[in-house]
Every structure is written in structure tokens, then in C-alpha cells.
Amino acid sequence: MIAVLKQGTSEKQIENLTNWLHTQGVDTHISFGKEHTIIGLVGDTSKIDAELLSSLEIVDSVKRITEPFKNANRKFHPDNTVIEVGNTSVGGNDFTIIAGPCSVESEEQVMEIAKSVKAAGATMLRGGAFKPRTSPYDFQGLKADGIDYLIRAKKETGLPIVTEIMNANHLDLFLDVDVIQVGARNMQNFELLKELGRTKKTILLKRGLANTLKELLMSAEYIMAGGNENIILCERGIRTFETYTRNTLDLSAVPMLKELSHLPIVIDPSHATGIAKLVKPLSLAATAVGADGLMIEVHNDPPHALCDGAQSITPETFADVCDAVRKVRSVL
Amino acid sequence: MIAVLKQGTSEKQIENLTNWLHTQGVDTHISFGKEHTIIGLVGDTSKIDAELLSSLEIVDSVKRITEPFKNANRKFHPDNTVIEVGNTSVGGNDFTIIAGPCSVESEEQVMEIAKSVKAAGATMLRGGAFKPRTSPYDFQGLKADGIDYLIRAKKETGLPIVTEIMNANHLDLFLDVDVIQVGARNMQNFELLKELGRTKKTILLKRGLANTLKELLMSAEYIMAGGNENIILCERGIRTFETYTRNTLDLSAVPMLKELSHLPIVIDPSHATGIAKLVKPLSLAATAVGADGLMIEVHNDPPHALCDGAQSITPETFADVCDAVRKVRSVL
Amino acid sequence: MIAVLKQGTSEKQIENLTNWLHTQGVDTHISFGKEHTIIGLVGDTSKIDAELLSSLEIVDSVKRITEPFKNANRKFHPDNTVIEVGNTSVGGNDFTIIAGPCSVESEEQVMEIAKSVKAAGATMLRGGAFKPRTSPYDFQGLKADGIDYLIRAKKETGLPIVTEIMNANHLDLFLDVDVIQVGARNMQNFELLKELGRTKKTILLKRGLANTLKELLMSAEYIMAGGNENIILCERGIRTFETYTRNTLDLSAVPMLKELSHLPIVIDPSHATGIAKLVKPLSLAATAVGADGLMIEVHNDPPHALCDGAQSITPETFADVCDAVRKVRSVL
Amino acid sequence: MIAVLKQGTSEKQIENLTNWLHTQGVDTHISFGKEHTIIGLVGDTSKIDAELLSSLEIVDSVKRITEPFKNANRKFHPDNTVIEVGNTSVGGNDFTIIAGPCSVESEEQVMEIAKSVKAAGATMLRGGAFKPRTSPYDFQGLKADGIDYLIRAKKETGLPIVTEIMNANHLDLFLDVDVIQVGARNMQNFELLKELGRTKKTILLKRGLANTLKELLMSAEYIMAGGNENIILCERGIRTFETYTRNTLDLSAVPMLKELSHLPIVIDPSHATGIAKLVKPLSLAATAVGADGLMIEVHNDPPHALCDGAQSITPETFADVCDAVRKVRSVL
């Protein structure tokens, strides 16, 4: 870490600052320049609060050289993390395909979709039981019943299940859930992250709508600091000025996160754009860019559906996507 | 609400859709155009899930005409909401000035700052006891002790206190807290919002870093839907591409929110930019633009401070800001 | 186009508005609702100024149903545009690979790179002669000499050349240039676009840093309205809050633009992230997502290079990227 | 400027780099750390290309300590720049109020508005003759005729005039224009900036929709490097994710730019939000935050106007804004 001091800082002030830094367990190395004095901080700077430091009157700016995340940092864990989930694994040679409905609506719906996505090549089943909705008047999910239906589908198909948690008080309901999802809006719900850090559950941590990759890794670090290293990162689109697509899928995040961290990363092309037609091309792109897997919304099409189709892709389209993904994987 | 249908939609599909809409309690009004058919939804559309509707295969796009928020909507509550907090009120003729340290560090610190900000004109005392930090290794606050010190300062000075909650399970600790703050990162922690909706506490709801004004009002709606109408909105800077300032303070939000809603709104110039020198000009701007109050970080400067000053402004500067704010208020 | 009128609009005002709309060559269709009156505009609405319309006191909001671009619109030109450039074509079955140095530095440099990228599979040569630089003190390019060196490399290798124009007054220098690039910063330099519309040159139009896809297509429309339909769109990263990568490459833009328009689109992964290591994975992703080609910075490594490598990838790495791209193409 | 080198950089590589830096006219100062080697660049680093430097294989990152702008930098020009324009001045004790129609539509229109805004307190007249429009099918302005009408209004009222240039080839038409505006879309049209640097005209330089303050100052630097120091900066809203307002007015830019630069800065509240009702509160906020002036769209309301009002505020409202601005100025 480097702190650039403002012009006109006195020797006494510099001494006060370096003395304090030493009490924080880091060594300092000072370069007196004509215009600026620069203090290099040497040692374990992950516990130094860069924001506090840069807020000091005499400090012009602070630059981290080593990243503030440690457990999630590839530098200290060069090998890819591979997480066993049921009979499949994430982050290794297997390619993860998590599929299922946006919301769990009924046992029949989940069961039918589970069977069809398994047949097409899905390795896990997803479905929302607790739904984070912008409006209090929108459907909030089937809650405990929804999880129950997912567990029945898991028993029937053997697919591990992924579903979102919104409240640490609900953890008891997630005992038989294989992967607990933390949604984009809760990525910096640090209280929830801490609670999940105390479990041994695999956590699928979605990037927040306006969160940097560094913040995503710091949120992973919250969970890991508690002792739980089973984390799957998920990029699902970030908020930009573009309006044709709901969000902007940041596929550069995949190779960038691979460089920075050893954690596996999956891509959710369904939420990123909100447009069913874009799911296939973006799934192929995510595969080609080096993601460890995909998370895709699939909806069946029962006779009572409102209209002849919905945003989520159908099991047939999903099977087509899986085929194409396999082909791309075969040449990488 | 208007739904524009895609070209080529069949009459049967349109009938299915309108039948379903009728079961949702709204009337429909159809215009058949040469290129597009348009369905107007009439009645209480706040319960219609626009996202679901727009995801349907036959729907090109959906446009809300009436806003999805009701309790927070000025249309249905033309008069400004005025909230009594201790011996002061927010949203009426009083101008609210909430001041205090970023974090509560000790009883002495809080007590000293409380006295000095009261003398300068603050109407409430703020201080962080539970601190949301990006890094698990940064200081997380004094927690229950921090709240305890705030309460002692309240007893001593008479200033109502404002402090942040991060976990609904901590609500018991907030019994003597006058205003409970929901931080930017928890603005869409819907579980927390629902819990707060069940209390009668005044809630200071901060806008998320990348949340629209509509989403801010929908989060207020979550609390109000539970029966708690004591909400103060707070704009504290949004995330943009600009890097000189930490965030970009969106002062247009004030007159815009005043147009849309009857809830009071205060401005936090300290977090918005992260630059102490900008607090005064932005406080004056916030006053001039019509905000109901300010929330300002003030830090005392004890002998053991690291350096001769810190990011937060000092009590002296704060007194100067209060003076200038009063002058601007006098001519509005 | 739909105009939603404000509550309380009088019949006289509505009549004034519809009369004026009729003089603009569109028909109107009015729905009187309980809360809002809605005017549907029927006919050629591309000449209606939506911004002007929505600025009227009585208008609540305006929604376009048909897009404001016509020449660039796939609806009116269902077939993909295929542009012949030298002995290659863009937008058809060929996959375009434009490669070369960021800046033309010398004849030897360009010649050497041209030969090596041709050998690796490039279909066109790029190089900057006029360089748009944020700082007036940074290198501004070799200008006319730079174009001259490119033309010599074209004669030697047969590769068509692509280089950027910054001033319509320089057009004479571009006579032997095959593809004229309009850079991101000039995407809305409408005067330049109009001049290029009067030529028959193929234009590579880069998306601006903060421009929407609609604006990109409207800028293409400027050129096409002048009679020049030879346009290649280029996505090169947009400005977001993320800081690890210089910009955020928006790969969803490819299938989205394919849906909206018949124009070919290429991806520039080099500028998007500013990180050499990310060029290969993003090139593969761009290929998989359906782009018509790539634009990649390649730099040779002469003995006098400052250090052992630079941001641009080397000819060896480029050859490796081309191989991998071919493999992905083979399975699509 | 500091360059942090990557781990594993060899001594030979460091020597090559420092030798090259010396040929660029800067001295170097090296700190060998345990993990990273840091090179400090001392001297005139404004000509060092930070992007080139950071692109080198051995360089991890580059951090500027002194800003890359010199002529625009307050450090080297501590006193505020005051620009005489006609009988008024910008940046000194006078408060600048530039008012007029968005587009010049006719001589009568301009003349009438000019008189009324002068009576209300405007110090300059604005009006668009060349209009940058997103669509080639939208009204592009009256061009030379528009400028002619403005000049007539100037003769009649004595108000200096401000109008936008889009093409350096039109400069002859601007001989009698007092202030030449560079619009947001042309802020990085470097060819245009260079041409304007060769004139002695006062330039009103608008911040681009997605440009940082540093980039704004670098564009000012382009003009100043050519010898023209008469520049007025203008903040007019930046592009964010918020949709209620057209753009987000960044009022923090005012005190921030005042800190960084000696150039005057005015605020355009009309374009920033696109909402007439927000012009007054934002004008007051701009005044309170320390801006040197305002630029406000004012439209008269002739009998043939489409409807009873338009987005631009009326002369009556403008007079009310001017009054309120004066009151706020009186207490600052």
C-alpha cells in the first residue's frame, strides 16, 4: 500500500502517521520527493483501512498494491477451488448447468421442469422459493412450500438444488438445499454473509447490480473469513445506461476473476438481459470466455399458461442450448 | 398501464391475455392499430407485475402510467408528511440537521461531539454503532455499546438519536433509538424492510448506490405496506463513472421526489463525495434545492488523533455550515 | 408512437395537439381513459421529434413503438448486409479479423506486423495514423505519413486497410483507405457522419463510451441517410463503474443489434479492457456470441522496444487467438 | 507519477525502463520492496503517456500524483480566471445568466425572448443555430440564418450572444458571436478543440455525457495549449442509470472543479433534467454551491405554440428564477 502525502505536510505529522501505522502492524518506507512524500506500507496491509487512511487531512491519496482479499486471492491459493455438490462438482473439469424456473409455482411444475432439464443435460436444479421483489405487492414466492417441492424434485431426479435465501433466520429451512444462493440485492448484506460463513453450505454469491469485482470478492471474503470456503461466484449483469437490455452482462468478469481468484464462476444470462432470445448466444459466449458454468431460467409451458410462451426459455430451447454449449466446450 | 403487443399476435392470444388480466382485477381497453395492438389496463394496476407481463411472448413492451407505489405517492397524499421526532419534526417548517461521528468510538467522543453539534444547531445526533464495511477485516463498530453511548448522549443533550440497523434480530437494542437508519447497501434488503414496517419507529431510508428513485420509493412502500408511515428518505450519492468524488450526489432527486412523494427527504453530503471541503457547498446547495434537512459527519479532534484533521468536518466547521445554511433558508 | 397526456388536459389542448400532429404527416387515434388520455400516432413517425413532443406541458410521456431508425432497421431490410472490402467481405460467411498496431510508428513496424498478421489469418490491417488522445501532450499520430505506410503495407500484403478519421477535411488522404473508422469519441460528431454519408467508403462506426445501441444505430442512420450504406458497427466497451477493466465489453450488444439491424458488427476486445491477457477469452466469446468479426491490436516486439512486451498482444499470441477462433467457428 | 512494477521484473528490465524514462525528460527514484518495486517519476510528467506506461508488460499500475493538465491547473494559476464578454464578465464578481431558446426559430422569436430575458436579468443571450440531434430526421437548426438573427438581437439588446459550433469550417460565421459553445457530444472532438485554440474567442465547453472532470479539464487543456485561455466550463448533467430525470446534474463538480482549476464554471439545469419544474430549484442549488453562472432555456409562448406551454420555462418563470437567485447570492 502506498500513501501519497499532500504538499506541505510537516515532519511531525509524518512521524505521527508512521508511528500509528507501526502500531497497526505494518512497516513503512518513506520517499521524500520534491513535490510529494510517499509512504510505502510493507507487511500485512489487508487490515489497514484504506478509506480511513485516505480521509486523513495530510494524505492526498492511497493506492493498494496487494489486494485486500486474502482467502479469495489466487496469489495465496494458486489452484482452482473445486466444490463437490451432490454427484457433480463445480470449478473442475465438469461444466455446471443450473436450470429451472424463476419461481417455484407448484410441485407439478418443478417436477416436470426438473425431469426435462435433467434429460437435456442440467447438473443442478434451481427455483426461487423466497423471491426478492422490488414491489411489496408482487408475488413473494411460496417460501417453505417452495423449498419442499424442490427437495421432492431432488429426490426424484437426483439433481442437487439451488435456491435463494433472504433472511438468516430461515437457515433451518435450507438443511437439504445443496447450494444457497445470495441474490444481487443482498451481496452486501454483511450480516447474512457472516451467518453463511458459519455454515458449511455451498454458497452461490451473485454480483450486485452496481458492485465492482473487488467488492464481490470482498463479500466472498466475508463468508470465507467465517470458515466457509465453498463459494461459487455468479455474474448476472450490471446496471448501466443501456436500456434495450435490462442489465449489461459483464463477460470480462470471468477471465478477470479467474486472474484474481481461485473461486469458480458461473454466468446467469437469463437475468442479465431479460430477453429469452439472448440466452443462447450469451450462454455460448460465457462458455467460450471460460466460465465454469451457467445458470439458466427454464419454464415449462402447461396448457393453463397465460399465452403461448414466456420469457424463460422452454425445455426444448434449453436442450438446444446445452447441445451448442457442449460443442463449444469440445473445441476449447 | 399500457401493454404493446407484438405484430402477429392472434385474437385468441389477446383474448387469453385479457381474460387473465380481468381475473387480476383490472379492466382492459384495446386499440387495434395497423402495426401494433395496444391494451390499456384500467383500475388498480399496482398489483400487476409489469415484469411478468412484459416477459410474455406476445408482449412487446409495457409502460406504467400510474406509479406502482401508493402509500408513498403524493397523488394520493397531497400534503407533506411531517414526522415528530423527540422535540423536533422532520418534513415541516423545521430544518433537520443530523450530525455526529461516522462511528461511535467511545462515550467521551460521542458526548463531546453531541454537545458541540447541539450548540452549533444540530437537531439530531447520529453515530454508527453497527458499521457496514466492505471488508470483513475493517472495524465493524462498537455495536450494543455504541448504541448505549448514543443513548447517554441523548439523555445529556436532549438530541434525538439516529443510528443504523443491519439485522432485524438486533431490533431490541433500538428501543431507545429515535430514528433507525437503513443504509444504502440494505435499501433492498426486503426482509429487513418488512420487519421495520411492523414497528412504529421512524426510519431513515438511504438510497442505494445504484438504485433509481422509483426503487427507493418502492422500498419505502415495503415499510409503509406494513403499517409504518414514518419514513425519511435520504439521498447520499450514486455510483457513476466519475472518480474524483467517491459518488455523485444527485440533488435533482430532491425536487423530483417532492413531486412524486409526500415523504421528507434529507441529504447526506459527507458520504456522497468523501471530501470534507465539499460538505459546506453541497450543504448549501441541498438547502437551496429544497431538502428537508442534512445529515453531516462531524468529528472532534482529540489530542490522540492521528494527524491534524480528518475527513469529517470539525465542530467549528460544522457551526460555520449551520450558519450559512440558516442564511440561505432565510431567503427561500 | 404513443403519447400519454397528463390528467386535466382540456379538449381544446388535445385538439391543438392532434391538429399539429396531422400537419406532421401522421394520423392519430385517441383513447379517453378515466385517468389518462392516450394518443396513438399512426404512420411514418420517424420524423416526429419525440423529445419535443414529451416536452409539451400537456404530455406526460411518449413511447416509441416503431424505432426511429429506418435504413438501419432490420424490419425494413430483413437480409444481412454484406460489404465487399478488397478481396474479403464483412457480414456474410467470412469471419473478419482486423489486426494491427494501435499507432503506426514507422514503415518497418507496419510492414512487419502486416506480414505476420496476414500469415496468422487476419483479413484486414489496422493502424492509427490520426490518434484521438485525451491529452494534447500525448502522441497524436504520424498523420499523412502513417496512412502512407499503411498503403504500402496494403500493396505488399494485399490486406485491405482500416484507419481512423478525425476531421472531414482530411478525407482526401483516405482515398486508398478501404475502411474508414469513426472512433468512439466521434460517434456523435454529426458533421463528420454527414460528410461520410456523401462518400461510398466503408465506414467502421465505433460505439461511443456511453452511447446506447439506439444512438449507435441513429448515428449509422446519419451516414445512411446521406446515401452510404456500407457500415460496419463496432462494440468496444462502455463506461461503467467497474475499475479493474478499462471499460465493460457489452457482448449482449451483438445479438441485440442483430435483432434490430441488418448491419454487420465486429468486436474490439483490445480497447474494451486494456488488458492483453483478456483478448483471447473475449475474442472467443465474441465469436461464440455471433459477431461478424474482431478488431485486435497486435504489436511486434522490435529490439528497441522499451521492455519485453507491451499491452497489445504479439503476433505469436495473435496466431494462437486466430486458431482458437477458427475452432469455435467450426462448431457454431 | 508512480509506476508499480510487477513481481519478478528483472534488473535489466528495470534499467531499460528507467533509461527510456530519462530520455523522456524525467528523473526516476526507485524503491525496492519485498513484493513490488516502485519507480517514482520526478519532473515534468505531463508529457509522459500514462496509458502507454501502464500497458508495459512489467508494469502493474501507474498512478499520477500531479495532474496531467497544466494550463487549466489551479496549482499553477492560483487566481480565478475572469473573462470579459461584451460589457459583462464571467468568473469574477458578476453572476452570469445566459438565457434564450433551445433553437433559434425566427427573428421575431429571438428578438422577443432577448428583450424579455434582458429585462429579467440575463447577462447573455443563447440560442441554437446549429443543432446536434440524435436523429438525422430531426430539425437541425436554421444555421447561418439563426446566427444572423442572434446578432440582430444582440444589436438590439446589447446582450452578448452564445451559440454552438459543430464544425470548424463554420468558424467564419461566428465572427460576431461572443461565446462559442462546444456541445457535450463534441467535448472530445479534438480537431475542433485545436481549431478553437487558435482563435481568441471565448469558448463555453460543455462536459460530455460520460466524461470525467479530468477529461473535461484535458479538453480545456487542448484549447489552452493552442493559446486560447478564454474558457468557461459547463456542467450539464451526466448519464447514469436514473430514468426519471434525463441526466443526473453533478453539482459536486462545481466545488471540485474550483479546487482543481481556475476556470469559471456555469451550470445548465435545463438540459440536465429535461423537466421545466426542476429548473428553479436546481438554479438555486447551483448558485448556492458556488457556480459562476447559469445557462437556462427560455421560450416565449406565441399564439401559434402547439399547446399551452413547453419544456423550456417562460419569461415570467425565468424572471422569478432570477429574483430567487439574486436573493441566494445576497447571503453567500
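Every chain is named by a letter (A, B, C and D) in the order it is written, and numbering of its residues begins at 1.
We adopt the following convention: contacts are C-beta pairs under 8 Å (C-beta built on N, C-alpha and C of every residue); 3 or more make two chains touch, one makes a residue touch a chain.
Since we're looking at a predicted model, the values are computed, not measured.
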Label of the chain whose CA centroid is most distant from the centroid of chain C: B
Pair with more cross-chain C-beta pairs in contact, given A-C and B-C: A-C
Chain B and chain C, separation of their C-alpha mean positions in angstrom: 39
Centre-of-Cα separation between chain D and chain C, whole angstrom: 26
Chain centre separation (chain A, chain C; CA means) in Å: 31
Shared interface positions of chain D, touching two or more other chains: 210, 239-241
Topology of the chain contact graph, where touching chains are joined (line, ring, star, complete, other): complete
Residues of chain C touching chain A in the complex: 210, 212-214, 238, 240-245, 248-252, 254-256, 259-260, 272-273, 275, 277-278, 281-282, 284-290, 324, 327-328, 330-332
Residues on chain B engaged by chain A in the complex (per definition of touch): 13, 16-17, 20, 46-47, 49, 51, 55-59, 68, 132-139, 166-169, 185-186, 188-191, 194, 208-210, 215, 218, 221-222, 225, 239, 274, 276, 306-312
Residue ranges of chain A touching chain D (in the complex, touch as defined): 2, 4, 29, 31, 33-36, 38, 40, 42, 60-61, 63, 65-66, 210, 239-241
